[in-house]
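The following pair of complexes shares a single chain, chain A, combined with chain B in the former and chain C in the latter.
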Partner chain A sequence: MSLLKPFNKLPELNTANILLVENETQFQKKLADTIVQLENDVNVIVRLARSLPLPVEIAEKRQRIDLVVFIVHLSSEQSLLSTEVSLKQLESGYFMGKMCFLVTGARCGTVPSERLTSLKKMAASLNSPLLMTEDGTTEGVNTAAQRVLNMLKISAGLVPMATGLYLSSLIRYTVPADPDWQDQD
Partner chain B sequence: MDDSAKQVLRRIIRRIPSNKLQITLRKWECLSKKQFRSLDFTQPKWLICENLLSLCEENDLSLKHVTELEMIFHIEHPTQGTWYVSQLIDAEEEALTSDLLNFRESFKVHLKSLISHVSVKIKKHEDDAIWIRIAWGDNFTKPNHFKPTYVVHHLQTPYVFVTGLAAKHRPLLHQALIPSAHYGSIKDVHLSGRCLTALRDLLMRRYKQVFPEKHPRLLEERSPLPSHPNIENEHAKHAENRLQMAAEAFGDGMLPKLQTAVYKLETSNLLESLKYCVSSGMASAPVTPLLSSIPRKGRNYFVITDKGPGINPTPGPNI
Partner chain C sequence: MDADELLENAKALANQMSEYQDNLPPDALASELSEAARVELIDECEEQFCQLQQLQSEITLADTESLQNPDHQAASRLNTLAAELKEWQEIQPKLLSSNPEVLLAVGKKELPCLNKQLEMVLSCSQAKRDNLKDVLKSELEWLEQKKEVLKAATEQVTALQEENSRLSEKGVLQDMKKKIHRLKEYHENLLETLGDILAEHFPLPQQGGNANKKRKNVFPEPRADLIPLHDILELLMNKLVETPHEPYVQINDTFWPPYIEMLLRHGIASRHPEDCFKIRLEAFY
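For the complex of A and B:
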């Protein structure tokens, strides 16, 4: 069993690696296409995976991964469960500004609210950002790709004076102080 | 034209969608060209219907012609209601070559000897299918043309497709069908659906199938090209395997359209069995909600649809 490690390889010049983890693979592909189209200055390499751990056969060839994005569809229980399992395959270094959650379907009224609540708790306990996105529309995908790309550039060290540690301290998801926030969800 | 024929015609017109009315009436060929031109299809349907009724009066059309119209519409649009499939078995050895004329006469004679008040209409469709419309009555009432049974049979095959058949008429239909098609008996094949062509294709294996090959095709051959050189799929190999397994089980092409399937799981203790499936590793973990929601929700009847949030209905074949 090999954990995914953020610092076991040297970075490459002007290159950023992003890993999209999604149990179903529809949104992943759209997002990947948009990300590579949006970015022209930096060589962005997108890796798609259904779950972690990643296959060991190509571990040698694989470059160092700068940002891991877990895509969670609130409409599917399986998506949440699979994310929980995959999270255990990350080394702790990733939780310092090198991973985030991307949530879809939060606006849908028929989705059980407990899923979002447990995901928020998970994000808060891991000090990681939680981005709400819309996967149905082109604008939604564009916005998500832009936001993920901005984070990627920071965590890959391509933005001067910024480090991935800022991400976890500045835009991480925190539990509101209000004691009954769970009921409001 | 008597009142019952008028009522039946009104009902048929009501069931035909407005945009299909013109083409269906043209196929009917019971109106002269001039009469047909006099109908204004931009009018509301009830008005068209009244005009049509007066034209029918003019031509002195009877109930027979009206049911003809219904059959034309049904043959063109066979997705009205659910079709059930039966299979004729024990073909007679010295079976005569069954042609349409023999079948038609024999079926009518057999059915009318079983029940006196019945109206049968038989029509041959282009693709060798025989369409039978039966309006049932009983010993004291006239045939009810509002609830006809439709039967479709392809002469050279043992399959019979039936829609709109009441349970009490089933034995009568079977008794008439078996001798006229030169078979020994009939059985239910447990297949039903709204799309007649799909059921037919499924039974007659008319869709594109894959035969097991000893040497599977190279995986690269069917893998789609990556959309961008900078996108890499970590699980590409697994995805390929899954695609191949899916193709082996279901074939490469479009599949027939089937709306429902019923699986009955019967055992002395289903929940224990499911639990064993999971604990012994037969079912993949994490447990799918399909299995775990029986104890959680206290139900054992589930309907799975593709209308749920976030799930794109897979594109089906357009038949």
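For the complex of A and C:
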């Protein structure tokens, strides 16, 4: 079992690699297409995976991954569990601003609120950003792609004077100071 | 911002663009760097890449243990942040290559980008300004309306206050007092006029003097203590007012008979039906 490491390979010129991890693959593909369409200046390579670890056979050919995005559907318990398992396959360097969570379906009222709460706790404990997105509409997918792309550019080192660690310190998900937060959410 | 506004802005922007399009320099002749500049840049890139490889190998060699527990995460995050902060504090701004050709190329590349951004700022601020103008206009209209309302309300209040004071007990009282005062004045005026008329036209008979010498033979000398017509009338009136059931006044010698005769003849006074020495004021009311 090999951990995914952020610095084990040399970066390539004008290239940003992003890995979208999603248990179900429908949103993954839409998001990947949109991200590639949106970016013109930089060579963006999108990789899709259902879960981590990635297959070892092609590990040598794979470029280094600059940003790992975990897509969690609140409507399915499996999505959350799979994410939790996959998280263990990341080297700790990824938690320094090279990963984020993407949540969909949070607007649906029938979703049990415990899932979102546990995901929030997870994001807070890992100091990582938690993006709420809408996967049903084109506009929502565009917005999500734009946000992910902005993060990707920074974490791939393509934006001068900004680092992924710096950005994630600003936008990371934090537990509200409210003591009875756990009961409320 | 609605669609029309956006369209307007876009049109204005297009106009401006076409206006100063002629002033722009011709497009940079792409990649016309001299060989020397190119070599210099490539050298610099090589140098950077060497540094990068060195760092990479250092990272690979370093023993990177991966612990998933949050405490370790937080600690390593703190370390990394501190390192980054130190790096930012110590970093020296790196100058671009001093080669003028390279600088020119960079500048040419940067300028259109900057231009685009500034145009966006311009368009945005214009839209904002127009928006603010509209807001100002509507606010002014609103202010005007409020002023009118205030004016109308003030008028209403004044009118209500007037009506209130008119209707209140105090107001009624004052009104009555005024009326009484007016009546009193009128009454006094009447009395004065009457007194004047009486004093002027009905004097007491003169004692002595040439004018009365002729009458001495006809009439006996009038008594010295006669009371004027004014007093007679006053007596009659007072008696009528004070004792309405017994309005008759006893005639005595101090009443000058011609005056009594005059009062009786002109229907101002009348005699007691049984006692001819008593007279009363006619009941005019």
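One rule holds in what follows: the second predicted complex is superposed on the first by the 185 of 185 C-alpha atoms of A that agree within 3 Å, B and C clash if a C-alpha of one lies under 4 Å from a C-alpha of the other, contacts with A are read in each partner's own complex, and residues count from 1 in each chain.
In the analysis below, contacts are C-beta pairs under 8 Å (C-beta built on N, C-alpha and C of every residue); 3 or more make two chains touch, one makes a residue touch a chain.
Since this is a predicted model, take the numbers as computed values, not measurements.
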Per the contact definition in the header, classify A:163: touching chain B only (first), chain C only (second), both, or neither. second
Next on the checklist: One more residue to check, A:42. First (chain B), second (chain C), both or neither?
Outcome noted: neither
Discussion item. Touch test for A:85: chain B only (first), chain C only (second), both, or neither?
Written reply: first
| task | For A:126, select first, second, both or neither according to whether it touches chain B, chain C, the two together, or no partner. | result | second
Inset, instruction - State whether A:171 touches chain B only (first), chain C only (second), both chains, or neither. - result: neither
Larger residue footprint on chain A, choosing between chain B and chain C, goes to B
Where does A:3 make contact in the superposed view: on chain B (first), on chain C (second), on both, or on neither?
-> second
In their shared complex, chain C is touched by residues of chain A numbered 3, 5, 7-11, 87-88, 90-93, 95-96, 125-127, 163, 165-166, 169
Listed in rising order, chain A residues that touch chain B in their complex are 19, 25-26, 29, 32-33, 36-37, 43-50, 54-55, 58, 73-78, 81-82, 85, 104-105, 108, 110-111, 135
In the complex, the residues of chain B that touch chain A are 227-228, 230-235, 237-239, 286, 288-289, 308-312
So, in the complex, the side of chain C touching chain A is made of residues 52-53, 56, 59-60, 64, 66-68, 70, 72-74, 76-77, 80-81, 84
